[in-house]
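Both complexes shown next keep chain A, but they swap its partner, so chain B is in the first and chain C is in the second.
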Partner chain A sequence: MLSAITRAFRTPDLRKKLLFTLGIIALFRLGSVLPTPGVNSENVAKALEQAQAGDSGNIYGMVQLFSGGALLKLSVFALGIMPYITASIILQLLTVVIPRLEALKKEGQAGTAKITQYTRYLTIGLAVLQSTAFVALARSGQLFPNNNLPILLNDDIFTLVTMVITMTAGTSVIMWLGELVTDRGVGNGMSILIFTQVVAVFPSELMNIFRQSAFKFVVVMIVGIVMIAVVVFIEQAQRRIPVQYAKRMVGRRMYGGTSTYIPLKVNQAGIIPVIFASSLLYLPQLLVTIFGNSANPGPVIEWLAQNLVTGDHPVYMVTFFALILFFTYFYVSITFNPVEVADNMKKYGGFIPGIRPGRPTAEYLNYVLTRLTAAGAPYLGVISLIPILALAVAGASQNFPFGGTSILIMVGVGLDTVKQIESQLQQRNYEGFLR
Partner chain B sequence: MAWVPQMIRRFLEKPGSVDLARFQATVAEAARLEPEVRARPELPPPAADAVGTAEFCAVAREAAVRTLGQRPYDVQLVGALALLDGNVAEMATGEGKTLSGALAAAGFALRGRRVHVISVNDYLARRDAEWMAPLYGAFGLTVGWIGQDSTPEERRAAYARDVTYAAVSELGFDVLRDRLRTDPADLLVPAPEVALVDEADSVLVDEARVPLILAGAADAGRTAPETAALVRRLSRGYHFEVDDEGRNVFLTAKGTDTVEKALGIDLYDHPGTVAEVNLALHAHALLTRDVDYIVRDGKVHLINPSRGRVALLQRWPDGLQAAVEAKERLAPSETGEILDSITIQGLLTRYPEICGMTGTAVAVGEQLREFYDLKVAVIPPNRPCVRVDEPDRIFAAAEDKVAAIVEEIAARHATGRPILVGTLDVAESESLDLRLRARGLEPVVLNAKNDAEEAAIIARAGAYGAITVSTQMAGRGTDIRLGDDTAGGEGSEEAIRRLGGLYVIGTGRHDSSRLDDQLRGRAGRQGDPGGSVFFVSGEDELLTAYAPDAALPAADPDGVVRHPEAAWTAGHAQRVAEGVNLEIHRNTWRYTRLLERQRAELLERRDRILHGDAGARALEDACPERYAELRASAGEEAVERAARQIVLFHLDRCWTEYLAHMADVREGIHLRALGRLNPLDEFNREAVPAYRHVLDEIGRRSKETFETVDVTLDLAGQGLARPTATWTYLVQDNPFGSEWDRALSRVASLLKGRRRGR
Partner chain C sequence: MIIGISIALILSSALMVLLVLLHKGKGGGLTDMFGGGFSSSFGGSAVVERNLDRLTIITGVVWFVCIIALGLLLKP
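On to the complex of A and B.
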């Protein structure tokens, strides 16, 4: 992988693309640490330190993860890519509901371009909403509940509006940066930006651990590296089901083996089940936060507070694991419909040798997929549980850097990008008989 | 402040926003020079560095007046300047694109560049070349043209001229043939310098969907009449089904049972038999005589769907041709094997300078920029167009539509107004002809079957009382003049103008709005009066294939749909079709880009072998003993010649096999998307090691042959006759949609299913 990157730097146009991407990433990080005008950055830094030391449950966990810590810093890029992601999801849901949007989508590129345009408008709308909400939280001091330092320099309406406009503009710039990377850099822009944010918190958190104890740091590093290796290995594992297309007569071959196959991955579901499961497990935390302060919270809330809020409780772990298993099967079943795949193959004259097209093929695919997922689902569960287990055993800091989600995102985006670089690299420089 | 939006459009580089002001200034200056230039007794051609100046325009105009008797309008000169600047010029029909193009071509040639004027068909290439020859002569330039029937000598002579007119396919096939030459003296096409593309949208966008493919006869063909007979017994809906787009056909379980019983085997354990049955089924169910092909002289001829012409020398690939021959009970022709292919894009981007002209460029402006880095310059018409384009008339049933068309023709014809009816395919033009004759009318039919009479038929299409029924072939490049000045009276041009000019009736919307506009554009040339209307029905293929879910609103009792939603539905279907075609174009390009780069690299090696002794040196390195031995016995020269032939043969052979392999990979590559992999990346990942293998294999086989062959005997025993064939890939990149699409549609169908269940 490293050799691929060094070779890439030696190829002029790839080097240009890589440098462009790195430049965008640098810009993106700069905007993530650049405070919005009107923010008292000294006080924010203090409050952040306290919040980290205070080991308080972080209600913004997932959002904070995707914003690379920019959110609580109230930086120019505080909102990160979340508004854009949310907007895309909303529009995709709407295409199912609104016939006109569905019709647009069918019109191919021209229609998709229009939908993209709507997504951008919606992103800006969402950014205005979210930035207003955060500025309001910051103003009333609720952003950091356990301290009273004023976060804003002053709270007249002009400053507040400036902040909202800055953050909204920041979100638009992020959107643009992402599109620029997709167009002129390497990899998928949005994924690269998410990757950047996920990785961005590593140094400071590793530093924290190192300060606590050097031994712990070494253990964390070893565990982390082993996990990355395992994830890389399993993410690439696939079962190849050979397929034959029978529209052409196949003459003699000089190439052995078949290159037409359906690659079924061991982890066919990707990262989505983990995100679903963790999102669902925020619910009890939220309930406890809302109702837990009342004088008589009731037995349900009390039970929730005991068992499902802190990650080191066995009930929490078992529930988390079970949810991941469930969501893995669920997500695989909705994204891979064996009947549809079998129909498509039949339509274009493809078949699995020895198996009839249509229903028998669908049944066969389903059989293979179910057995593969039986291995894939526990793998996802274990990878996601390791950081929590590590917390329980070692009493590490709340923010164990190699969280399951982080590693899955990191490896996923990293693999995709390196593959793309490699495939562009391989297209040059041939050697052989005649050179 | 009308220029503000124009400036914004220009800043955003929207299509059609090229600034014409500088060209217009030059042309205005040329008008000032005109009297002086006219007074010159001799007209020496302008110097190379004067091209594009006012002086050049004035001289060019005067040359056209003296040689062709035509004075180019200002807008034609503006068009020529826009072309010289490397743009695609959009000029309305009848504005004299041919002359503009010729002036620009002459300009490039005066600069010392060799110009290829690329048109859509042989007819236009020849007509324009012969028509403009005197003009080129006045500039001291030579011009030539190439047609389907030109001999290699004629081709070589034409390519040697300063300006060469050729259809894009002829040029492409010449390039492809050149890539397989084994003797440098046989090469035809000179190095590419300037390409001036006529009907640019058709050539650069529509034709570019399908790569040009050069196929060679592999061996005598073999049809399977028994399979064709077996398939003929199967019935649609029970034994087999056709998909919604009408592009694919497949056996049902019942059909499989029947076939297995008839053949007595487990079908899916025998891939070869499956292929044979599928092909027979494809020929039987999807290809219709007189729509997709015609049978003439005991042979199957394909019809080019975008032009409605017979495509000579085109074949279906991989046994489909044989299956169609079996269906029609004809003798089998030779089977083909793909030797090489090139996309229109690959062909044209070889030229350092490209420009083009067409009547409809803005609609594809984005694509021209994406694929060719070309900008569109919109040239205003000399006289504003006064054609009346009526809104579509939409019917629920196809039968009502045809009846209304016949009525409309009869009513318009009663006044003597000339009518041009554009049909979508050959069969439709013939059935309409019958209907009209039954009404006592006398239409003239112009379709793929009588394209030889094209010029004569078109010449009469604007005359008093003419009814011309034509397939799309009349849609481009044909200029229909009103009236007949020799006739006088009610047949004179003036009388026809008073009747309202040519009336164009489209019997259905095409799958691109540009084709509609081209058909409309036959009327109302040069500010002539004219009218056009399209008839659409809910049963048209466009609507059923591309908008099957979008039902037309209910029709009124007379069968006409007047609800405004109906027009939207028709437009939507057309936009979906345009989107699908764009996707095909883009995929063709994306999936051939790497192959073309590899091909270019291989050709570079090939050139070194062809023109030098690279083959001999490589073989000398590989097997020095054998080389020394042969040199001693046969002499250096003979060994070098033999080495060249051996290496070239294996190089071409391995490339052919490589193409077949990659075609195979391409067909199933979309399945990779199911493993969350990017099909295009995966395709390229497969292509790279396979190409390395090609390079190794060339060496291995060359060595092997070199070790055993007798170099004193004739090596090129393989006479490769090269018929041509084309096909397109109909498998989409990712027919399953993105992961999210799949999840959403699954959830949506679950919800809908539940709602329905209640």
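On to the complex of A and C.
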């Protein structure tokens, strides 16, 4: 393992890529702690301390997780990658609805590039909206409800506009950094940046627990390590469907005659269903914060406030679980199209032993995938409910460091990146990180 | 002084957004982001792209300096 790392650093082009990635990460973290001009950073620090001591339910859970604590500090990179993720989700959902986008997606490389470009424009739009919202929240003091220190230095309109524009530019810089890593570094840039933010809150959270009691710290560590092992195990699990290719002659050359397999992962959808579900469940909270302050909120808002805002309410948990199940199936059906795969196989003379090519193959693939997902979807649901359960049972803090989503992100991105490094290592010698 | 730097910051921010949007997106979608398929890295960048990179870096540095300067000036 260690020798593999030294070997990775001894390979010149890989070393360059690794160092480049690390440099970008350092820049990114620097921007995440640099306060936006106009923010009273001393008062923000005080307010943060109060919020932590008060243990008030964190309404910005998901956003906060993805920003690695940058959001509440109102730093230059406060919005983090969230606008980009939201934009990607929106476009992903729109491709199902709008025929033109679907046509673009089918076009292949050129069409995908166009969709990416749309995603980037939408990201900037969303960044303007979100930064305006946060600056407005900070100005009215709603960002920290139980704190009355002024967060902004002066709130004339000019300063506010400067802040909004700076944060928007920050988002675009993040987008660019991510693309640079994808282009010249190791792994997928955006996911590495998310990974950085998720891991960045670890030390302080762990220190918090350690300060509470050493015993709790040990328990949390053990639970975390066991959970990581479980997640790695299931993420790697796949069913291999054998595919036999017929021999055929093209001119004077022989092609095919090989047997390979289609890997179907147990959790084909990754963590995207969790992100979708969390984003959707963020809506009722938003509604409650907007309309809840009026004198007569009405029965709907009251019901929402009672059942869907606090994470440990049974209705919330059931809804969350059901949404994850739904989105897992939904996302798998978007990303893996059995008919297309079967058609491709038929075109190149491949078949699954014992099953006729064409429609029966598609039906078989669909059947296997549905059964696999029947195991994968509840797994996702349970893993992402663990932090909420821990909150209810043990009274751990809301940003319990080994929360389901963070572990899924860490393991997913980590495995992916290591695999990429390994494939680059293997160009030179065969032994890599994973055996 | 503060107003001057603020205006510089606004201008450089707007320029930054524009320049980043001019780049060809290499991000890939969500599927790419959380472990789906392989992202193929195709070819070196063209001359235009390289010049754009240089311009973006310069703007980025100016932007960064503006932020720090303004932050220090506004300190209570």
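Assume the second predicted complex is superposed on the first by the 326 of 435 C-alpha atoms of A that agree within 3 Å, B and C clash if a C-alpha of one lies under 4 Å from a C-alpha of the other, contacts with A are read in each partner's own complex, and residues count from 1 in each chain.
We adopt the following convention: a residue touches a chain if its C-beta (ideal position, glycine included) is under 8 Å from a C-beta of that chain, and two chains touch if they have at least 3 such contacts.
Not measured: the values here are computed from a predicted model.
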item: Touching partner for A:Tyr245 - first (chain B), second (chain C), both, neither; value: first
item: Chain B versus chain C as contact partner of A:Glu107, first or second or both or neither; value: first
item: Touching partner for A:Val186 - first (chain B), second (chain C), both, neither; value: neither
item: Partner chain in contact with A:Gln92 - chain B first, chain C second, else both or neither; value: both
item: Touched partner set for A:Ile151, first chain B, second chain C, both or neither; value: neither
item: Chain B versus chain C as contact partner of A:Ile115, first or second or both or neither; value: second
item: First, second, both or neither for A:Gly270, with chain B first and chain C second; value: both
item: Touching partner for A:Thr335 - first (chain B), second (chain C), both, neither; value: both
item: Chain C-contacting residues of chain A that also contact chain B; value: 92, 270, 335, 416
item: Sites on chain A touched by chain C in the complex; value: 34-38, 40, 42, 76, 84-85, 88-89, 91-92, 112-113, 115-117, 119-121, 124, 153, 158-159, 161-162, 165-166, 168-169, 172-173, 175-176, 178-179, 182-183, 188-191, 194, 270-272, 335, 409, 412-413, 415-416
item: Sites on chain C touched by chain A in the complex; value: 3, 6, 9-10, 12-14, 16-17, 20-21, 23-36, 39, 41, 45, 56, 60, 63, 67-68, 70-71, 73-74, 76
item: Residue ranges of chain B in contact with chain A within the complex; value: 218, 243, 248, 250-253, 256, 267-269, 271-272, 274-276, 278-279, 282, 317-319, 337, 547, 550, 572, 575-576, 578-580, 582-583, 586, 594, 597-598, 601, 605, 608-609, 614, 618, 622, 647, 654, 657, 660-661, 663-665, 667-669, 671-672, 674-678, 681, 684-686, 688, 690-693, 695-700, 702, 730-731, 735-736, 739-748
item: Residue numbers on chain A that touch chain B, as the complex places them; value: 92-93, 95-96, 103, 106-111, 238, 243-251, 253-255, 259-265, 268, 270, 331, 334-337, 340-341, 344-351, 353-359, 416, 419-420, 423, 426-427, 430-435
